[in-house]
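Each chain gets a letter, A, B, C, D and E, in the order it is written, and its residues are counted from 1.
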Amino acid sequence: MQIAKVRGTVVSTHKTRSLTGTKLLLLQFMDAQGQPLPKYEVAGDLVGAGVNEWVLVSRGSAARIDDGMEHRPLDALVVGIIDTVTVENNRLYSKKDAERG
Amino acid sequence: MQIAKVRGTVVSTHKTRSLTGTKLLLLQFMDAQGQPLPKYEVAGDLVGAGVNEWVLVSRGSAARIDDGMEHRPLDALVVGIIDTVTVENNRLYSKKDAERG
Amino acid sequence: MQIAKVRGTVVSTHKTRSLTGTKLLLLQFMDAQGQPLPKYEVAGDLVGAGVNEWVLVSRGSAARIDDGMEHRPLDALVVGIIDTVTVENNRLYSKKDAERG
Amino acid sequence: MQIAKVRGTVVSTHKTRSLTGTKLLLLQFMDAQGQPLPKYEVAGDLVGAGVNEWVLVSRGSAARIDDGMEHRPLDALVVGIIDTVTVENNRLYSKKDAERG
Amino acid sequence: MQIAKVRGTVVSTHKTRSLTGTKLLLLQFMDAQGQPLPKYEVAGDLVGAGVNEWVLVSRGSAARIDDGMEHRPLDALVVGIIDTVTVENNRLYSKKDAERG
(Lines give C-alpha, C1' and ligand atoms only; values in the text may rest on other atoms or scores of the structure.)
Protein backbone atom coordinates (compact mmCIF):
# COMPACT_ATOMS: atom_id res chain seq x y z
CA MET A 1 0.00 0.00 0.00
CA GLN A 2 0.99 3.59 -0.35
CA ILE A 3 0.61 6.44 2.16
CA ALA A 4 -1.59 9.27 0.89
CA LYS A 5 -3.24 12.43 2.16
CA VAL A 6 -6.89 13.11 1.38
CA ARG A 7 -7.03 16.30 -0.69
CA GLY A 8 -10.61 16.43 -1.95
CA THR A 9 -13.38 14.70 -3.83
CA VAL A 10 -14.37 13.83 -7.37
CA VAL A 11 -18.04 13.81 -8.41
CA SER A 12 -19.34 11.96 -11.44
CA THR A 13 -23.08 11.62 -12.04
CA HIS A 14 -22.78 10.03 -15.48
CA LYS A 15 -20.88 6.83 -14.64
CA THR A 16 -21.20 3.04 -14.88
CA ARG A 17 -24.12 1.81 -12.78
CA SER A 18 -21.72 -0.41 -10.81
CA LEU A 19 -20.08 2.70 -9.31
CA THR A 20 -23.32 4.04 -7.81
CA GLY A 21 -22.92 4.88 -4.15
CA THR A 22 -19.11 4.81 -4.14
CA LYS A 23 -17.57 7.93 -2.62
CA LEU A 24 -14.51 8.97 -4.62
CA LEU A 25 -11.61 10.71 -2.88
CA LEU A 26 -8.71 12.59 -4.48
CA LEU A 27 -5.55 11.37 -2.73
CA GLN A 28 -2.05 12.82 -2.90
CA PHE A 29 0.78 10.33 -2.37
CA MET A 30 3.33 11.02 0.36
CA ASP A 31 6.92 9.82 0.40
CA ALA A 32 8.55 7.94 3.29
CA GLN A 33 9.83 11.26 4.73
CA GLY A 34 6.29 12.59 4.95
CA GLN A 35 6.61 14.95 1.98
CA PRO A 36 3.96 15.19 -0.77
CA LEU A 37 4.77 13.52 -4.11
CA PRO A 38 3.57 14.81 -7.52
CA LYS A 39 1.36 11.74 -7.82
CA TYR A 40 -2.29 11.24 -7.04
CA GLU A 41 -5.02 8.64 -7.20
CA VAL A 42 -8.81 8.82 -7.21
CA ALA A 43 -9.91 6.04 -4.87
CA GLY A 44 -13.07 4.59 -3.44
CA ASP A 45 -13.49 5.03 0.31
CA LEU A 46 -14.60 2.34 2.75
CA VAL A 47 -13.57 4.03 5.99
CA GLY A 48 -15.02 7.54 5.88
CA ALA A 49 -11.72 9.43 5.58
CA GLY A 50 -11.79 13.23 5.72
CA VAL A 51 -9.75 15.99 4.04
CA ASN A 52 -6.14 16.17 5.31
CA GLU A 53 -6.20 12.75 6.97
CA TRP A 54 -3.41 10.34 6.08
CA VAL A 55 -4.68 7.06 4.70
CA LEU A 56 -3.51 3.73 3.32
CA VAL A 57 -4.47 3.13 -0.30
CA SER A 58 -4.49 -0.31 -1.94
CA ARG A 59 -4.26 -0.47 -5.70
CA GLY A 60 -5.10 -3.02 -8.36
CA SER A 61 -7.41 -5.96 -7.73
CA ALA A 62 -6.90 -5.42 -3.97
CA ALA A 63 -9.47 -2.60 -4.30
CA ARG A 64 -12.21 -5.15 -4.98
CA ILE A 65 -11.60 -7.70 -2.23
CA ASP A 66 -13.87 -6.29 0.47
CA ASP A 67 -17.54 -7.23 0.71
CA GLY A 68 -19.62 -5.12 -1.63
CA MET A 69 -16.68 -4.00 -3.75
CA GLU A 70 -16.32 -7.13 -5.90
CA HIS A 71 -18.41 -5.80 -8.77
CA ARG A 72 -17.24 -2.19 -8.82
CA PRO A 73 -14.67 -1.19 -11.48
CA LEU A 74 -12.27 0.27 -8.91
CA ASP A 75 -8.48 0.06 -9.13
CA ALA A 76 -7.79 1.94 -5.86
CA LEU A 77 -9.40 1.89 -2.41
CA VAL A 78 -8.79 3.65 0.90
CA VAL A 79 -8.49 0.74 3.35
CA GLY A 80 -7.44 2.52 6.55
CA ILE A 81 -6.94 5.87 8.26
CA ILE A 82 -3.36 6.07 9.55
CA ASP A 83 -2.75 6.70 13.28
CA THR A 84 1.03 6.56 13.27
CA VAL A 85 3.98 6.00 10.94
CA THR A 86 7.14 5.00 12.80
CA VAL A 87 10.57 4.88 11.14
CA GLU A 88 13.40 3.32 13.20
CA ASN A 89 11.72 4.22 16.48
CA ASN A 90 11.07 7.83 15.40
CA ARG A 91 7.50 8.99 14.93
CA LEU A 92 7.23 10.28 11.34
CA TYR A 93 3.51 11.00 11.62
CA SER A 94 0.92 10.96 14.35
CA LYS A 95 -2.74 11.68 13.63
CA LYS A 96 -3.17 13.12 17.12
CA ASP A 97 -0.28 15.57 16.72
CA ALA A 98 -1.45 16.55 13.23
CA GLU A 99 -4.94 17.37 14.55
CA ARG A 100 -3.59 19.43 17.44
CA GLY A 101 -1.57 21.57 15.26
CA MET B 1 -8.50 5.81 -10.92
CA GLN B 2 -6.79 8.57 -12.80
CA ILE B 3 -8.25 11.79 -14.18
CA ALA B 4 -7.94 12.08 -17.96
CA LYS B 5 -9.17 14.27 -20.80
CA VAL B 6 -10.62 12.70 -23.93
CA ARG B 7 -8.39 13.69 -26.85
CA GLY B 8 -9.58 11.51 -29.70
CA THR B 9 -10.22 8.00 -30.97
CA VAL B 10 -8.31 4.96 -32.15
CA VAL B 11 -9.74 2.75 -34.90
CA SER B 12 -8.65 -0.84 -35.48
CA THR B 13 -10.54 -3.06 -37.91
CA HIS B 14 -8.11 -5.98 -37.72
CA LYS B 15 -8.35 -6.90 -34.03
CA THR B 16 -9.25 -9.82 -31.76
CA ARG B 17 -12.90 -10.78 -32.20
CA SER B 18 -13.47 -10.16 -28.49
CA LEU B 19 -12.89 -6.42 -29.01
CA THR B 20 -15.69 -6.08 -31.60
CA GLY B 21 -18.04 -3.23 -30.71
CA THR B 22 -15.74 -1.61 -28.16
CA LYS B 23 -15.23 2.11 -28.77
CA LEU B 24 -11.62 3.06 -28.07
CA LEU B 25 -10.79 6.55 -26.80
CA LEU B 26 -7.39 8.22 -26.64
CA LEU B 27 -7.08 9.76 -23.17
CA GLN B 28 -4.51 12.22 -21.89
CA PHE B 29 -3.78 12.03 -18.16
CA MET B 30 -4.17 15.18 -16.06
CA ASP B 31 -2.31 15.95 -12.85
CA ALA B 32 -3.96 16.99 -9.58
CA GLN B 33 -3.51 20.68 -10.52
CA GLY B 34 -5.51 20.19 -13.70
CA GLN B 35 -2.48 20.27 -16.04
CA PRO B 36 -1.94 17.72 -18.84
CA LEU B 37 0.71 15.03 -18.22
CA PRO B 38 2.87 13.47 -20.99
CA LYS B 39 1.05 10.20 -20.45
CA TYR B 40 -1.87 8.67 -22.29
CA GLU B 41 -4.01 5.57 -22.39
CA VAL B 42 -6.25 4.01 -25.02
CA ALA B 43 -9.34 2.91 -23.11
CA GLY B 44 -12.68 1.31 -23.79
CA ASP B 45 -15.69 3.55 -23.16
CA LEU B 46 -18.85 2.56 -21.30
CA VAL B 47 -20.29 6.02 -20.74
CA GLY B 48 -20.25 7.77 -24.13
CA ALA B 49 -17.61 10.37 -23.30
CA GLY B 50 -16.85 13.07 -25.89
CA VAL B 51 -13.71 14.94 -26.92
CA ASN B 52 -12.45 17.39 -24.24
CA GLU B 53 -14.55 15.91 -21.45
CA TRP B 54 -12.74 14.95 -18.25
CA VAL B 55 -13.24 11.34 -17.31
CA LEU B 56 -12.26 8.73 -14.71
CA VAL B 57 -10.23 5.86 -16.09
CA SER B 58 -9.80 2.53 -14.29
CA ARG B 59 -6.84 0.39 -15.23
CA GLY B 60 -5.91 -3.25 -14.88
CA SER B 61 -8.47 -5.97 -14.24
CA ALA B 62 -10.92 -3.25 -13.07
CA ALA B 63 -11.55 -2.60 -16.78
CA ARG B 64 -13.28 -5.97 -17.10
CA ILE B 65 -15.61 -5.94 -14.10
CA ASP B 66 -18.70 -4.42 -15.69
CA ASP B 67 -21.32 -6.56 -17.42
CA GLY B 68 -20.31 -7.33 -20.97
CA MET B 69 -16.65 -6.45 -20.46
CA GLU B 70 -15.52 -9.68 -18.79
CA HIS B 71 -14.27 -11.31 -21.98
CA ARG B 72 -12.70 -8.29 -23.66
CA PRO B 73 -8.89 -7.96 -23.48
CA LEU B 74 -9.05 -4.43 -22.06
CA ASP B 75 -6.64 -3.02 -19.47
CA ALA B 76 -8.28 0.44 -19.25
CA LEU B 77 -11.88 1.64 -19.18
CA VAL B 78 -13.62 4.99 -18.92
CA VAL B 79 -15.99 4.49 -15.97
CA GLY B 80 -17.39 8.00 -15.47
CA ILE B 81 -17.60 11.52 -16.86
CA ILE B 82 -16.37 13.97 -14.23
CA ASP B 83 -18.68 16.78 -13.07
CA THR B 84 -16.42 18.35 -10.47
CA VAL B 85 -13.00 17.94 -8.88
CA THR B 86 -12.74 19.70 -5.51
CA VAL B 87 -9.43 20.20 -3.69
CA GLU B 88 -9.64 21.51 -0.12
CA ASN B 89 -12.94 23.28 -0.80
CA ASN B 90 -11.67 24.87 -4.02
CA ARG B 91 -13.19 23.84 -7.31
CA LEU B 92 -10.33 22.57 -9.51
CA TYR B 93 -12.62 21.59 -12.36
CA SER B 94 -16.28 21.97 -13.19
CA LYS B 95 -17.76 20.45 -16.32
CA LYS B 96 -20.35 23.24 -16.49
CA ASP B 97 -17.73 25.98 -16.36
CA ALA B 98 -15.54 24.16 -18.90
CA GLU B 99 -18.46 23.98 -21.33
CA ARG B 100 -19.34 27.64 -20.92
CA GLY B 101 -15.80 28.90 -21.15
CA MET C 1 -3.95 -0.05 -23.96
CA GLN C 2 -0.83 1.57 -25.29
CA ILE C 3 0.10 2.40 -28.88
CA ALA C 4 3.22 0.60 -30.06
CA LYS C 5 5.15 -0.02 -33.26
CA VAL C 6 6.30 -3.52 -34.15
CA ARG C 7 10.10 -3.48 -34.27
CA GLY C 8 11.06 -7.15 -34.46
CA THR C 9 10.81 -10.59 -32.93
CA VAL C 10 12.15 -12.53 -29.97
CA VAL C 11 12.86 -16.26 -30.29
CA SER C 12 13.11 -18.60 -27.32
CA THR C 13 13.31 -22.36 -27.86
CA HIS C 14 13.93 -23.23 -24.20
CA LYS C 15 10.76 -21.90 -22.56
CA THR C 16 7.81 -23.03 -20.46
CA ARG C 17 5.72 -25.57 -22.37
CA SER C 18 2.70 -23.28 -21.99
CA LEU C 19 4.32 -20.73 -24.31
CA THR C 20 4.68 -23.17 -27.23
CA GLY C 21 3.27 -21.74 -30.43
CA THR C 22 3.08 -18.15 -29.20
CA LYS C 23 4.74 -15.68 -31.58
CA LEU C 24 6.59 -13.01 -29.60
CA LEU C 25 6.93 -9.50 -31.00
CA LEU C 26 9.26 -6.75 -29.83
CA LEU C 27 7.16 -3.57 -29.57
CA GLN C 28 8.31 0.00 -29.11
CA PHE C 29 5.87 2.29 -27.32
CA MET C 30 4.78 5.50 -29.06
CA ASP C 31 3.64 8.69 -27.33
CA ALA C 32 0.40 10.52 -28.08
CA GLN C 33 2.26 12.76 -30.57
CA GLY C 34 3.35 9.72 -32.57
CA GLN C 35 6.99 9.81 -31.38
CA PRO C 36 8.84 6.69 -30.17
CA LEU C 37 9.34 6.33 -26.42
CA PRO C 38 12.37 4.64 -24.80
CA LYS C 39 10.12 1.85 -23.60
CA TYR C 40 9.39 -1.54 -25.10
CA GLU C 41 7.45 -4.70 -24.45
CA VAL C 42 7.72 -8.26 -25.69
CA ALA C 43 4.15 -9.32 -26.41
CA GLY C 44 2.28 -12.30 -27.75
CA ASP C 45 0.50 -11.71 -31.07
CA LEU C 46 -3.06 -12.74 -31.89
CA VAL C 47 -3.53 -10.64 -35.02
CA GLY C 48 -0.52 -11.33 -37.26
CA ALA C 49 1.06 -7.87 -37.01
CA GLY C 50 4.12 -7.12 -39.16
CA VAL C 51 7.25 -5.00 -38.66
CA ASN C 52 6.54 -1.23 -38.64
CA GLU C 53 2.79 -1.61 -38.14
CA TRP C 54 1.22 0.32 -35.28
CA VAL C 55 -0.64 -1.89 -32.86
CA LEU C 56 -2.64 -1.80 -29.64
CA VAL C 57 -1.05 -3.70 -26.77
CA SER C 58 -2.94 -4.79 -23.65
CA ARG C 59 -0.94 -5.51 -20.54
CA GLY C 60 -1.49 -7.46 -17.34
CA SER C 61 -4.17 -10.11 -17.00
CA ALA C 62 -5.90 -8.63 -20.10
CA ALA C 63 -3.29 -10.55 -22.13
CA ARG C 64 -4.88 -13.84 -21.09
CA ILE C 65 -8.56 -13.16 -21.72
CA ASP C 66 -8.86 -14.37 -25.30
CA ASP C 67 -9.63 -18.01 -26.13
CA GLY C 68 -6.50 -20.10 -26.06
CA MET C 69 -4.48 -17.56 -24.08
CA GLU C 70 -5.83 -18.39 -20.60
CA HIS C 71 -3.02 -20.77 -19.68
CA ARG C 72 -0.08 -18.93 -21.22
CA PRO C 73 2.15 -16.90 -18.85
CA LEU C 74 1.80 -13.70 -20.91
CA ASP C 75 1.61 -10.21 -19.45
CA ALA C 76 1.27 -8.40 -22.80
CA LEU C 77 -0.68 -9.11 -25.99
CA VAL C 78 -1.13 -7.39 -29.34
CA VAL C 79 -4.92 -7.13 -29.63
CA GLY C 80 -5.33 -5.01 -32.77
CA ILE C 81 -3.56 -3.44 -35.74
CA ILE C 82 -4.26 0.30 -35.75
CA ASP C 83 -5.88 1.89 -38.81
CA THR C 84 -6.13 5.46 -37.55
CA VAL C 85 -5.38 7.59 -34.51
CA THR C 86 -7.36 10.81 -34.45
CA VAL C 87 -6.65 13.67 -32.02
CA GLU C 88 -9.20 16.51 -31.92
CA ASN C 89 -10.25 15.90 -35.52
CA ASN C 90 -6.65 15.74 -36.76
CA ARG C 91 -5.30 12.49 -38.14
CA LEU C 92 -2.20 11.64 -36.08
CA TYR C 93 -1.63 8.33 -37.84
CA SER C 94 -3.13 6.51 -40.77
CA LYS C 95 -1.99 3.01 -41.73
CA LYS C 96 -2.78 3.73 -45.39
CA ASP C 97 -0.64 6.89 -45.47
CA ALA C 98 2.19 5.13 -43.61
CA GLU C 99 2.24 2.33 -46.16
CA ARG C 100 2.25 4.72 -49.11
CA GLY C 101 4.89 7.01 -47.69
CA MET D 1 9.78 -9.45 -6.27
CA GLN D 2 11.75 -6.48 -5.11
CA ILE D 3 14.44 -6.28 -2.44
CA ALA D 4 13.53 -3.97 0.43
CA LYS D 5 14.75 -3.03 3.88
CA VAL D 6 12.33 -2.87 6.80
CA ARG D 7 12.29 0.71 8.06
CA GLY D 8 9.35 0.82 10.45
CA THR D 9 5.66 0.22 10.99
CA VAL D 10 2.33 1.80 10.14
CA VAL D 11 -0.58 1.62 12.58
CA SER D 12 -4.21 2.08 11.57
CA THR D 13 -7.00 1.36 14.03
CA HIS D 14 -9.80 2.66 11.81
CA LYS D 15 -9.52 0.30 8.82
CA THR D 16 -11.54 -2.24 6.85
CA ARG D 17 -12.45 -5.20 9.05
CA SER D 18 -10.68 -7.51 6.59
CA LEU D 19 -7.32 -5.98 7.56
CA THR D 20 -7.69 -6.83 11.27
CA GLY D 21 -4.65 -8.65 12.59
CA THR D 22 -2.37 -7.79 9.66
CA LYS D 23 0.93 -6.28 10.74
CA LEU D 24 1.93 -3.49 8.36
CA LEU D 25 5.60 -2.77 7.71
CA LEU D 26 7.13 0.29 6.04
CA LEU D 27 9.66 -0.98 3.50
CA GLN D 28 12.30 0.96 1.60
CA PHE D 29 13.26 -0.45 -1.79
CA MET D 30 16.91 -1.24 -2.48
CA ASP D 31 18.58 -1.24 -5.89
CA ALA D 32 20.65 -4.12 -7.28
CA GLN D 33 23.84 -2.48 -5.92
CA GLY D 34 22.43 -2.56 -2.40
CA GLN D 35 21.70 1.18 -2.25
CA PRO D 36 18.39 2.58 -0.95
CA LEU D 37 15.92 3.88 -3.56
CA PRO D 38 13.50 6.80 -3.00
CA LYS D 39 10.61 4.35 -3.15
CA TYR D 40 8.70 2.61 -0.41
CA GLU D 41 5.81 0.28 0.14
CA VAL D 42 3.57 -0.49 3.11
CA ALA D 43 3.25 -4.27 3.10
CA GLY D 44 1.64 -7.00 5.17
CA ASP D 45 4.06 -9.32 6.91
CA LEU D 46 3.83 -13.12 7.02
CA VAL D 47 7.34 -13.89 8.20
CA GLY D 48 7.95 -11.71 11.27
CA ALA D 49 10.57 -9.43 9.73
CA GLY D 50 12.29 -6.87 11.99
CA VAL D 51 13.64 -3.35 11.43
CA ASN D 52 16.77 -3.24 9.21
CA GLU D 53 16.30 -6.76 7.84
CA TRP D 54 16.33 -7.16 4.07
CA VAL D 55 13.20 -8.82 2.74
CA LEU D 56 11.52 -9.93 -0.46
CA VAL D 57 8.27 -8.13 -1.22
CA SER D 58 5.66 -9.41 -3.69
CA ARG D 59 3.21 -6.92 -5.12
CA GLY D 60 -0.16 -7.09 -6.78
CA SER D 61 -2.44 -10.10 -6.47
CA ALA D 62 0.60 -12.16 -5.36
CA ALA D 63 0.08 -10.57 -1.93
CA ARG D 64 -3.17 -12.53 -1.50
CA ILE D 65 -2.09 -16.03 -2.53
CA ASP D 66 -1.05 -17.40 0.85
CA ASP D 67 -3.53 -19.09 3.20
CA GLY D 68 -5.41 -16.53 5.23
CA MET D 69 -4.54 -13.61 2.94
CA GLU D 70 -7.14 -14.24 0.23
CA HIS D 71 -9.72 -11.86 1.67
CA ARG D 72 -7.44 -9.04 2.81
CA PRO D 73 -7.20 -5.95 0.57
CA LEU D 74 -3.41 -6.11 0.38
CA ASP D 75 -1.36 -5.22 -2.69
CA ALA D 76 2.05 -5.96 -1.13
CA LEU D 77 3.35 -8.71 1.16
CA VAL D 78 6.68 -9.58 2.75
CA VAL D 79 7.21 -13.20 1.65
CA GLY D 80 10.76 -13.89 2.87
CA ILE D 81 13.68 -12.58 4.93
CA ILE D 82 16.78 -12.48 2.73
CA ASP D 83 19.89 -14.42 3.80
CA THR D 84 22.12 -13.62 0.84
CA VAL D 85 22.10 -11.72 -2.45
CA THR D 86 24.81 -12.94 -4.84
CA VAL D 87 25.72 -11.07 -8.05
CA GLU D 88 28.12 -12.87 -10.43
CA ASN D 89 29.68 -14.87 -7.60
CA ASN D 90 30.14 -11.79 -5.40
CA ARG D 91 28.19 -11.50 -2.18
CA LEU D 92 26.21 -8.24 -2.38
CA TYR D 93 24.46 -8.79 0.95
CA SER D 94 24.69 -11.30 3.76
CA LYS D 95 22.33 -11.17 6.72
CA LYS D 96 25.04 -12.64 8.98
CA ASP D 97 27.59 -9.99 8.02
CA ALA D 98 24.99 -7.22 8.36
CA GLU D 99 24.15 -8.36 11.90
CA ARG D 100 27.80 -8.55 12.95
CA GLY D 101 28.80 -5.24 11.43
CA MET E 1 7.36 -9.48 -21.08
CA GLN E 2 10.63 -7.73 -20.53
CA ILE E 3 14.12 -8.77 -21.62
CA ALA E 4 16.49 -9.31 -18.69
CA LYS E 5 19.94 -10.70 -18.01
CA VAL E 6 20.50 -13.14 -15.15
CA ARG E 7 22.88 -11.51 -12.69
CA GLY E 8 22.74 -13.75 -9.64
CA THR E 9 20.62 -15.40 -6.99
CA VAL E 10 18.71 -14.50 -3.84
CA VAL E 11 18.51 -16.97 -0.96
CA SER E 12 15.83 -16.81 1.75
CA THR E 13 15.48 -19.64 4.25
CA HIS E 14 12.87 -17.89 6.42
CA LYS E 15 10.01 -17.45 3.93
CA THR E 16 6.37 -18.36 3.40
CA ARG E 17 5.97 -22.12 3.11
CA SER E 18 4.39 -21.65 -0.32
CA LEU E 19 7.75 -20.46 -1.71
CA THR E 20 9.61 -23.66 -0.72
CA GLY E 21 11.52 -25.09 -3.65
CA THR E 22 11.33 -21.97 -5.82
CA LYS E 23 14.73 -20.87 -7.15
CA LEU E 24 14.97 -17.08 -7.09
CA LEU E 25 17.07 -15.26 -9.69
CA LEU E 26 18.23 -11.64 -9.64
CA LEU E 27 17.51 -10.21 -13.10
CA GLN E 28 18.69 -6.94 -14.61
CA PHE E 29 16.40 -5.42 -17.21
CA MET E 30 17.81 -4.63 -20.65
CA ASP E 31 16.55 -1.93 -23.01
CA ALA E 32 15.61 -2.52 -26.66
CA GLN E 33 19.16 -1.55 -27.72
CA GLY E 34 20.63 -4.31 -25.56
CA GLN E 35 21.94 -1.97 -22.84
CA PRO E 36 21.39 -2.65 -19.13
CA LEU E 37 18.74 -0.56 -17.35
CA PRO E 38 18.94 0.53 -13.70
CA LYS E 39 16.03 -1.76 -12.91
CA TYR E 40 15.93 -5.28 -11.57
CA GLU E 41 13.52 -7.98 -10.51
CA VAL E 42 13.80 -11.05 -8.31
CA ALA E 43 11.92 -13.76 -10.20
CA GLY E 44 11.12 -17.43 -9.86
CA ASP E 45 12.72 -19.66 -12.48
CA LEU E 46 10.97 -22.43 -14.42
CA VAL E 47 13.56 -22.93 -17.15
CA GLY E 48 16.92 -23.36 -15.40
CA ALA E 49 18.49 -20.10 -16.60
CA GLY E 50 22.15 -19.44 -15.75
CA VAL E 51 24.16 -16.30 -14.96
CA ASN E 52 24.61 -13.98 -17.98
CA GLU E 53 21.88 -15.62 -20.04
CA TRP E 54 19.20 -13.34 -21.48
CA VAL E 55 15.69 -14.33 -20.46
CA LEU E 56 12.07 -13.33 -20.83
CA VAL E 57 10.39 -12.33 -17.58
CA SER E 58 6.61 -12.16 -17.09
CA ARG E 59 5.28 -10.02 -14.30
CA GLY E 60 2.05 -9.82 -12.33
CA SER E 61 -0.44 -12.67 -12.21
CA ALA E 62 1.23 -14.14 -15.33
CA ALA E 63 3.89 -15.48 -12.95
CA ARG E 64 1.36 -17.89 -11.45
CA ILE E 65 -0.21 -19.39 -14.57
CA ASP E 66 2.06 -22.39 -15.07
CA ASP E 67 1.37 -25.74 -13.39
CA GLY E 68 2.71 -25.78 -9.86
CA MET E 69 3.00 -21.99 -9.61
CA GLU E 70 -0.65 -21.20 -8.84
CA HIS E 71 -0.21 -21.12 -5.08
CA ARG E 72 3.15 -19.39 -4.85
CA PRO E 73 3.18 -15.66 -3.99
CA LEU E 74 5.29 -14.76 -7.04
CA ASP E 75 4.89 -11.56 -9.07
CA ALA E 76 7.66 -12.35 -11.59
CA LEU E 77 8.74 -15.51 -13.40
CA VAL E 78 11.43 -16.40 -15.94
CA VAL E 79 9.42 -18.05 -18.74
CA GLY E 80 12.07 -18.53 -21.43
CA ILE E 81 15.77 -18.33 -22.27
CA ILE E 82 16.23 -16.03 -25.27
CA ASP E 83 17.97 -17.37 -28.39
CA THR E 84 17.70 -14.27 -30.57
CA VAL E 85 16.33 -10.73 -30.53
CA THR E 86 15.85 -9.34 -34.03
CA VAL E 87 15.09 -5.66 -34.71
CA GLU E 88 14.16 -4.76 -38.30
CA ASN E 89 16.11 -7.68 -39.73
CA ASN E 90 19.21 -6.90 -37.64
CA ARG E 91 20.30 -9.34 -34.97
CA LEU E 92 20.40 -7.39 -31.67
CA TYR E 93 21.31 -10.44 -29.61
CA SER E 94 22.21 -14.04 -30.31
CA LYS E 95 22.82 -16.51 -27.49
CA LYS E 96 25.30 -18.42 -29.67
CA ASP E 97 27.38 -15.32 -30.41
CA ALA E 98 27.24 -14.24 -26.75
CA GLU E 99 28.58 -17.62 -25.64
CA ARG E 100 31.42 -17.60 -28.18
CA GLY E 101 32.51 -14.08 -27.57
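Assume a contact is a pair of C-beta atoms (placed from the backbone, for glycine too) under 8 Å apart; a residue touches a chain by one contact, two chains touch by 3 or more.
The structure presented is a predicted model; accordingly, all values stated were derived computationally and were not measured.
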| item | value |
| --- | --- |
| Between subunit A and subunit B, centroid-to-centroid distance (C-alpha), Å | 21 |
| Interchain centroid distance [CA atoms averaged], subunit A/subunit E, Å | 34 |
| Contacts with 2+ other chains: residues of subunit B | 60-61, 63 |
| Touch-based graph of the chains, sorted into line, ring, star, complete or other | ring |
| Ring of chains, enumerated from subunit B in the sense that reaches subunit C first | B, C, E, D, A |
| Of all residues in subunit D, those that touch subunit E in their complex | 1-3, 31-32, 46-47, 56, 58-63, 65-67, 77, 79-89, 92 |
| Interfacial residue positions of subunit D with respect to subunit A in the complex | 7-16, 18-19, 24, 26, 28, 38, 40-43, 51-52, 60-61, 63-64, 71-76 |
